[in-house]
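Across the two complexes that follow, chain A remains constant while its partner is chain B and subsequently chain C.
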Partner chain A sequence: MADIVLDNCFYSYSNSLEEKVLSGVSLRVEAGSFISVIGPNGSGKSTLAKLLNGLYIPSSGIVEVDGLSTREKKNIPQIRRKVALLFQNPDNQIVGDTVEDDTAFGPENLGLDRDEITKRVEDSLSKVGLLEKRKMSPNTLSGGEKARLGIAGVLALNPEVLVLDEATAMLDPEGRKEVMAILQDLWKYQGKTIILITHHPEETIYGERIVVLDKGEIKLDGSVAEVYRKSETLKKLGLELPPYVELSLLLKEKGVIDDIAFDSSSLCPLLESKI
Partner chain B sequence: MKLRVESVSYSYRKGVEALSDVSFSVEQGTIYGIMGETGSGKSTLLKLLNGLYTPTKGKIFLDDREYSSITKSTLPFRVGLVFQYPESQLFEESVILDVAFGPKNKGRSKEEAIMDAEKALVTVGLKKDKWNKSPFNLSGGEKRRAALAGVIAMNPEVLVLDEIAAGLDKEGKDRIFSVLEKLKKEGKTIIFVSHSPDDVARYAERVLVLNKGKLKAEGEVREVFSSPSVPKNQSEVIASEIREKGINLPSPILTLEELSDEIVKVIDK
Partner chain C sequence: MIRDVTLGRFLEGDGVLYKLDPRTKLMGLLLYIVSLFVFKTWLGFTLTLVFFLVLRKLSKISFRYMLKGLKPVFFIILFATILNVILGQSDWTKTLFTLWRMIGAVFASNLLTLTTRPREISDGLEKGLSFLSIIHFPVHELATIISLAFRFIPILTEEAGRVIDAQKSRGSKIGEGKIVDKAKSIMPIIIPLFISAFRRSDELALAMDSRLYGSGKRSVWKKMEYSKIDIYGYMVSVLMLALMIIDRCVL
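And then the complex of A and B:
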């Protein structure tokens, strides 16, 4: 299984080391974990995503996937099979005339035989709940369904790690919830590693760990609860807090609770002890 | 000014109604929210309200005068429309000149227009040291308020705002709506259009919900959000999750602040 290790990574788009997009980022993503990455615009989130599968190579420092350095060209195909990257705006990534053709595109490119392709397509579409719509045109899908189709296309490649770079940014709350439910399922029951890069704070509560980037550096790194206990730091960075965290802060101010909750399961026990 | 919409329909093409048979009225000094998703007809309604479109059927009244009897060129000054992302239309070399542009267009002299602009900038809470800066040097929230000042400076009786809070953080939204609250107290009629149940529940006194061109619900905010067919706001979603765990809370809950108050009441009992 693929651990991803970033060791002291720097990245700048130009040669001038003045404008560093990432500056000394070290991070270990253990196989089977669900990490969310948040940070203000321009904090380096997207750049970090692109380092993870060798789309970008760090200006200095090392990125290793399962012990394979992205710096070695010969490792790249293997790394890309392990780590799949999914971007914003699913419309740009739809290539097939039907839902199943679209999903088959990746495995076909891998040169797999017909039976294996069919199996993978069915398997991926059922995981994202689109098997019934397999014969339909992708253009008839809702925003949430298109995003799920994007995930199916990536799953058909059978990666170990899914990196989602603002992949839910264009979706309404309903569509985002659909995608989050699938990610949680892939993480909990299919053993996938999920790296979710997002500017929707409420999405981070579906994972187990949050990394906060600011100006290319890691500001906070810890469990969901640990990070949200430091909500002052997040507010200073101009980051919004998930609604349960906002509510916890209001209740804390009123002296009702003395910890931060991030969902109903963590809030209600705090309240019940007072009633 | 009171605004009254009477059985209004609008079709872009024959036979297809983008808006059908919508009636409501907004009393002077009210903050009124129009909620609906993309394609619900809210943009069409907005353009009817400020006279950019004329209803295919039905009538719109400003106090007791029908729109068709009001001189067409004066209507946009009486019912001011603030477009979505209005800051993208800032263009003058300084904030003050930008805000003075509208009143100058309305026929005010240069000195008067500057005075109108200054007053509007005070209303939206933009400090004096920003007035002579280029609008491009303002923060996102400040730009939005400068653009709003541009419409306020024309002194309209009714303000119609399209997604005025879109893209702003909670603090930015609160600032914009505290400006609108101030204008309401001065007797302005405020109508804002939003796709966000959270913003409508938080800031509107009365609400109209549009769905596929038809009126789905209309009334006092709490009454509208009690209806099961109206999309839920986030605070109410959280409240319902807490209720599921056996803690009894009233319904509907409109804001997180209200939710925390209600929780305190349950605990104090």
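And then the complex of A and C:
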């Protein structure tokens, strides 16, 4: 299983290191974990995502996936097999004319034989619930289904890590729920590592750890509870809190409960203990 | 009007043309277009017209939908026809033949794209042009570019529609006034459309890189295979061209 290590990474889009997008980012992502990365616009979240599978190479510092450095060109195909990246707009990453053709694109690039490709296409599409729509054109799918197709496309590469760069940003609440349910399943039952870059605070509670980026630096890094206990810092950065956290903070302020909650299952016991 | 563009769009269907191998359709299109430019008499004109009507029937695509495909090239065809008349083409028969040659070529190309998925077209091209790889011509890359271009036609036409709506809602008078005004009003559409297309292509390239495109030798999942119907397809296409050559040389 692939651990990802970023050590003192700097990244700049221009040659000058003065306009840094990432500034001394060090991070360790253990295999099998679910990490959410949040931060204001321009904080470097998408750049961080692209560093993880070697699409971008850090201006200085090291990114290693399972011990393989992204600086070594020969490691890149291997790294990309391990770390799959999903972008925001599903329309911009669909290559095939049908759902199944698009899913087969990755395995074809791996040079796999026909039987193996068929197996991977069927497995991936059934994992995201699109097997019945395999012959349909991607243009006829809903936003949520297109996002699921994107996930199927990268799952067919059989990656160990899934990085989602605001992949739910363009979806309606129903579509977001569908995607989050799939991510939960992939993380809990299939052992995949999930790195979710998001603007929706309510999605972060599905994971176990939150990394907060601002101006290219890591401002907070800890468990969901640890990060949301520092709600003042988040608010200073202009970040929203999940609705349950917001509510429980208000209740805590009024002395109704003693701790913060992330969902109904954690709020109810807190209230019950006080009644 | 922009949303009516049918060129490059695939339409789900079950006509006979859908069952043909893409290579047969590509070769058939090529031979038909050559035939259109070879015929010389009314007999040739009638034969190419009837041939197209039969193909249209076999595709089960409505004639009205086919006519939509003419919209984007209507002005080009009109302009070419006017030029033909101005430049001393006093024979109206020849002008009509020239007009049909252009319309027939557009119709036939539309029939190909409406009945063949972009991926099938690119696979057919790749297979058909594979001999060029001997001289290191990037056949696969060319086929991928064509396939992606086809795939993005509906997305970009939708986007153009949205840009037009957005500009109109801000008071822009797109498509109104004289021809010069109409031409000028295109600029506020073209610029945002180009920017959007570049952004999309950038993200697509990154997504393809992420999915290991170009990282090694590719395999092909769906194998193309000829069936009996393709033999008839080739025979009819070659026969059509042969008849047009006779029409030109003998009649």
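By our rule, the second predicted complex is superposed on the first by the 275 of 275 C-alpha atoms of A that agree within 3 Å, B and C clash if a C-alpha of one lies under 4 Å from a C-alpha of the other, contacts with A are read in each partner's own complex, and residues count from 1 in each chain.
Operating definition for what follows: a residue touches a chain if its C-beta (ideal position, glycine included) is under 8 Å from a C-beta of that chain, and two chains touch if they have at least 3 such contacts.
Remember, predicted model here, so these are calculated numbers, not experimental data.
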item	value
Combined model on chain A: chain C and chain B, fit or clash	fit
Contacts of A:Leu55 with chain B and chain C, given as first, second, both or neither	second
Chain B versus chain C as contact partner of A:Met170, first or second or both or neither	neither
A:Ser264 touches, of chain B and chain C: first, second, both or neither?	first
First, second, both or neither for A:Leu237, with chain B first and chain C second	neither
Touched chain A residues, chain B compared with chain C	C
Closest Cα approach, chain C to chain B, once both complexes are overlaid on chain A (Å)	8
Doubly contacted residues of chain A, that is, touched by chain B and again by chain C	none
Chain A-touching residues of chain B, taken from the complex the two chains share	37, 169-170, 234-235, 238, 241-242, 244-247, 256-257, 259-260, 263-264, 266-267
Residue numbers on chain A that touch chain B, as the complex places them	172, 238, 240, 243-244, 246-247, 250-251, 254, 256, 263-264, 267-268, 271-272, 274-275
In the complex with chain C, residue positions of chain A that touch it	50, 53, 55, 76-77, 80-81, 84-85, 87-89, 91-98, 101, 104-114, 117-118, 121, 137, 139, 153-154, 157
Residue ranges of chain C in contact with chain A within the complex	10, 12, 117-120, 147-148, 151, 154-155, 200, 203-204, 206-223
